[in-house]
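Letters A, B, C and D mark the chains in the order given here, with residues in each chain numbered from 1 onward.
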Amino acid sequence: MDIGLLAQHVMNGLMVGMMYALVAVGFTLFFGVLDVIQFAHGDVLTVGAFTALVTFLGVRAAGVGSGPILLSAMVVVSIFAVAALGMLIARYLVLPLRTAPALNTLLITLMLGTVLRESVRLFYPQGANPKPFPALLPTNSINIGNFNLRLDNTIMLAAGVMVIIGVELLLNRTKLGLAIRAVAQDEETARTMGINFLAIVLVAFAIGSGLAAFAGIMNGFYYNEVNFGMGLYLGVIGFAAAIIGGLGSIYGAILGGFLFAALQTVGTVALPFGSAYKDVFAFAVIIIFMAWRPTGLIQEKISERV
Amino acid sequence: MTRALKAAMAILAVAWLAAVVPAEAKDKVKVGFIGPLTGGVSANGLGGRNSADLAVRLRNADPKAKYEYELVVLDDECKPNVAVQAATKMAAERDIVAAATHYCSSTAIATVDVYHRFGLPVVVWGAVLPDITYRNKYPEVHRVNGTMINQNDTNAELLTKLGYKTFAVIHDTTDYGKGHNEYFSAALAKRGGKIVGTFGVGSDQQDFTAELTQIKALNPEVIYFGGLTPIGVRIRAQMDKLGIKAVFDGTSGIVSDAYIQGLGALAEGTLAFREGAPTDKLPGGKFFMEKYAAQKYDNPPEAYGAFAYAAMDLILDSIEKVGPDRRRVIEDMAKVENRDSIIGKITFDDHGQNTVSLITKYVVQDGKWVVWEDSEYASGKRKLPRQK
Amino acid sequence: MTPLLEARSLTRRFGGVVALGQLDLEVAPNEIIGLIGPNGSGKTTFFNVVTGIYRAEAGTVSFEGNDITRASPRAIYHAGISRTFQRSRLALPLSVFDNIMIGNYKRLNQGLWFNLMNRRGFKREFEASYRAARALIEVFEPWLAERMFEPVAGMTMINRRRIEICRALISQPKLLLLDEPSAGMTHDETTTLMDEILQVRAHARNLTIIIVEHEMGVIERITDRCVVLNFGLKIAEGPYRQIAADRQVQEAYLGVA
Amino acid sequence: MLPGVVAQALATLYLITLLAVERQLLIIGLLGLAVIAVLGAYWLGWLDPVNRSFADREDVLGVLALVAACAVAAFFHDNHFLLLLIVTVVLYTVATLGLNIQFGYAGVLNFAGASFFGIGAYTSAVLNAHSAVPPLLVLLIGGLIAALVGSLLLLPVLRTRGHYAALVTIAFALLLKAFLEVNDVLGGPQGLQVKGMTIRGWAFNDNIELGNVELSFYMNYLVLSLALLAVAFILVRRLERSWIGLNLDALRLDETAASCFGLNIVRWKITAFTLGNFLIGIAGALFGMVGGFVAPNNYTFADSLILVSILLLGGVGSPWGSVVAAAIVIVVPEKLQTIQEYRFLLYAVMVIAVLLFRPEGLLPRPARNYFPGWRP
């Protein structure tokens, strides 16, 4: 396969992988602080994308034409709105179920996902149809053989990298991050150390959901199209990526995200019997992987006092 | 009993009749509609339901109508098992005389046996899989829209005539997409076009850059797409992202306002094919559009609204003619020939398939689906990508 | 005569920390051994290695002359060693009877056919086990015997301990490992529990016990012999009076300067 | 025992009315009434005697339940659709019982319930079409194949815990659907038709003439499904009320402790997972024949979630709960046709509410009672 084509595949893989990673980081954050899977995460992403879209339409209707302002408005509004949504979910759906078995949390968030998805479909005007997403980023591009490098993709990729680095710094360099990791390590001890458990959980959910919103916007700009079902698939894949990486580990999640993207690309490109089987391939690999590495790539610390 | 009493009763009876008859009490007749009201393609389902509903309303508003009709609507979620349940419910309810059913081929093919068993006359309004009418010879099952065979012949013919030689095929892995792939490949082979690559994709897939990058390397002149609007929009958008210059050649599945709304300017130059004459070309079509708009439904009729309307109208016609009786309606439907409708003349062959010879070619021009013949592309004013 | 349990230079580390270093230990049949030492001195680790939950890195454990160093927890239970846990590990939603029966695994018929199809046979076994469990728990607390089918969740600490000990005893093991039975109980409660344990022992022929305990009173009262661990090393061994007088032990453990 | 009988009688009457009524307002009213009635009874403490009588005389009440089901069926003897609905409820209950063995007792997550259901259905589709295997045997084979395919997942399922195990089954559910769609051997996306059942020339797909009354052909399937349910119910009950049930509980609640008392974790997990899939497969095989059609779209991850939510709604580990929950989850959306496209939304909200306010389910599992009514 010629080099330009390869480069193209790598670029696509990076873009998609970045989105998967952003979603997966959310899953792993939630699991870190509460040992739960927030399965509505994918649909939270959808809400993020649609919030951004609505903001765009609103601000433009208000007569603002300049791209940068529109762009920043979309990002800011969407991220904050969705972060708030995340906190609400944590406070009123996840925390109340702490004593119940883990499956209950899994199911209640799955159902919440349905609620969010169906609400977008039913209450957004003609929400059942795909919606065009504005292209606000510079779209100039250079062609190197078969490789077509677009400025907007590059910008998004860079932005994604910066966001991830930001989260990494936040978790490892700040007091807040320390508190989050403390809660993740051992709740009781963290409490006794005078950490406000509730606050930390809410913050973690805010951050995770904010990331989802960002991924949603990125998704919108990348495909110039959003639809009510976009989150469902991304949610499952994000979850898979987080698991592959090893729940509770940020790096694992990022790794898992890019791995899954790679898996799909390979499934499409390299499989002899055509791209139709790429999902079969991807999920088969995952099952086999789980048999080989039952707790993911980056082993989750299991400290069982006997 | 005494004569006086008899007289009194007679008078009463007359009086009663006099009182009742003028206040013409039409008896109620139930007719059914089934389509996907939830899930990915619900836009088309809702459009179809509204159109069928429109047909019923207009008929009820018509003073000449013999009966007052009530529309019973069920959801098949575009899932066969759900469809079988809905079909059973409708067919088993004896006072539903006939129904317009199914947009998704998978649901239509799953339910034909049910209709046959319960003897419910149905008119399929959207599903295009040939087997629905041709696998069995059920007198109950009819279809106003054509099959995907007709579509793909016309499609291959036009594109080869325009001088295109190399094609890449993307189809979703539902029976709709797979069927289209099959028939288009066959039709194209007859006309000497070459398929450089075929890609099956999931009907809920979001990212197509991997497939499209492959296609870019194969560098076809045309990308043929067998699938429905949602992923059609995504694929067209992502073609642009990867800077692929090729004709986007779709099927009836993307002939919808949603497709253009979803893409904006990018939709320009997309080709698609659909059975029946274009709605607005027909005397009835204009009328349909106006009436539909007048009802202020919250969804557009979409590609097959007109067919749903025609199917329901056909049903109402024959009920008016032979009365609310399933068996008689079936007999009457068998005789349908050159029946005028908003989708053109309807003639059922011995399989109950509308033998619409006419397939309309569409191209998107300035954000509208324009009939090919009167488009600026046909006149040569505009050119499709890579057109010689 | 051969010792019942014999550990030879048993070693286990966690990261850098030595939890067990070259530990040698012999337990004769019918002995009651007290295993004492400050927190983190390796007492519980010893139990976990013996019962096969942790792997030993070096050294051997043998039981009745057979090497069980690499054996699985199951095998070790079947060999006749059973235990209690430092923080109670009962199945809280289950009834008292169920919890005791969990300990009775090897003596119950586990066949699919027997359990599903042969209800008559099962009923016989069930009633027999009920009587056994009841007899056992009556030694501890008649009150519990009346509540065999109530969930454990509602029970007090001492009763949970009793149930846990019954779970360990119902299979009539040769060696019983008691991991801090007094944890979370008052002094008086502990005393009662110890009386009860001694009673049970009187009933059961040749039951050997190793007990990890902080309450020196308990140790003094019931053990024939003590082994003192510190940082995973054995620093003293002998009857309580003797090791209590041992200087090293006092420094390491009793905290006497 | 009386309270139990009364409760059952009321439930039966209510079910008949609910099914008979068509007017949407009335239906909504009835549903509201039910909620209020149950809450009221709960408030007045009337439910405890019911529970007690079920605990003591379950055998009798079980038989009565079957009678009640037959009564409902008899009432709607010629209504094809309602009978189909009832058959659906019954077979979904059987499948949920299978899930219950896996998750409820052994704690083995299975988010691919619908997939194993589907494997059963496809089995009967293929066998009825291409072989002369007697139908009842086909059902068993359906179960076996489901169990067999399930055993492919054993290694990852045994090695993983909690959410990791969840991913394995989710991945399998997605994989299977995708595979059935792209691979044409089993009919591809179009699926396959399933021939109806025939036992000794008795064709299940023909209506039954009894003198001058005509019974819907679904009556055949209903009788068979009820028989299946009875067997499955008894099986699950005996399982729970035996040392095996105890073992499964033990390993669910604390694997380490269990292994310290000689419990063979692997053996029992395999037993539970396989047995569960076997039940699900049988139910699926029969349902395939009832529906007369199988297609990949029938067995998606979403459908597996419906099975799981039935289990949770009813109360994990409580077979009676599964029966009630299956009835609610399947009948209610079907009756509420006016809300059309809003059904899913409402359904999801309902489940969320139950999980929030009654996390242990509608009929929580009582403590194990080896022999109902047994006194020392």
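Here, a contact is a pair of C-beta atoms (placed from the backbone, for glycine too) under 8 Å apart; a residue touches a chain by one contact, two chains touch by 3 or more.
No experiment lies behind these values; they were computed from the predicted model shown.
Participant: Enumerate, in label order, the chains that touch chain A and chain C alike.
Facilitator: D
Participant: When every step has to jump to a touching chain, what is the lowest number of steps that links chain B to chain C?
Facilitator: When the steps are counted carefully, the minimum from chain B to chain C is 2.
Participant: When I count C-beta pairs in contact, which pair ends up with more: B-D or A-D?
Facilitator: A-D
Participant: Please indicate which chain is farthest from chain D, where distance is taken between mean Cα coordinates of the chains.
Facilitator: C
Participant: Determine the chain that sits nearest the middle of the structure, using the mean of its CA atoms as its centre.
Facilitator: The most central chain here turns out to be D.
Participant: Averaged over CA atoms, how far is the centre of chain A from the centre of chain B? Could you give it in whole Å?
Facilitator: About 38 Å, centre to centre.
Participant: Give, as an integer number of Å, the spacing between the C-alpha centres of chain D and chain C.
Facilitator: 43
Participant: At least two partner chains per residue is the criterion; list those residues in chain B.
Facilitator: 42, 46, 173, 200, 202
Participant: Could you say which residues in chain C touch two or more other chains, in rising order?
Facilitator: In chain C, 53, 85 touch at least two other chains.
Participant: Would you pick out the residues of chain D that each touch at least 2 other chains?
Facilitator: 178, 182, 256, 341, 344
Participant: Given the complex with chain D, which residues does chain C contribute to the contact?
Facilitator: 51, 53, 72-74, 77-78, 82-83, 85, 89, 91-95, 98, 101-103, 105-106, 108-110, 112, 115-116, 119, 122-123, 126, 130, 134, 148-151, 167, 171
Participant: Applying the document's contact rule, which stretches of chain D touch chain B when the two form their complex?
Facilitator: Within the complex, chain D touches chain B at residues 79-81, 84-85, 88, 178, 181-182, 188-191, 193, 205, 216, 291-295, 297-298, 334, 337, 340-341, 343-344.
Participant: Please name which positions on chain A make contact with chain B in the complex.
Facilitator: 1-2, 5, 8-9, 12-13, 15-16, 121, 125-126, 128-132, 141, 143, 146, 148, 150, 153, 219, 222-225, 227, 229-230, 232-234, 264-265, 268-269, 274-276, 278-279
Participant: Quick one: which bits of chain D touch chain A in the complex? Just the residue numbers, please.
Facilitator: Within the complex, chain D contacts chain A at residues 103, 109, 153, 155-156, 159-164, 166-168, 170-172, 174-175, 178-179, 182, 256, 301, 305, 308-309, 312, 316, 341-342, 344-345, 347-349, 351-352, 355-356, 359-360.
Participant: Over in the complex, which chain D residues touch chain C? Could you list them?
Facilitator: 235, 238-239, 242-244, 246-247, 249-250, 253-254, 256-264, 271, 367-371, 376
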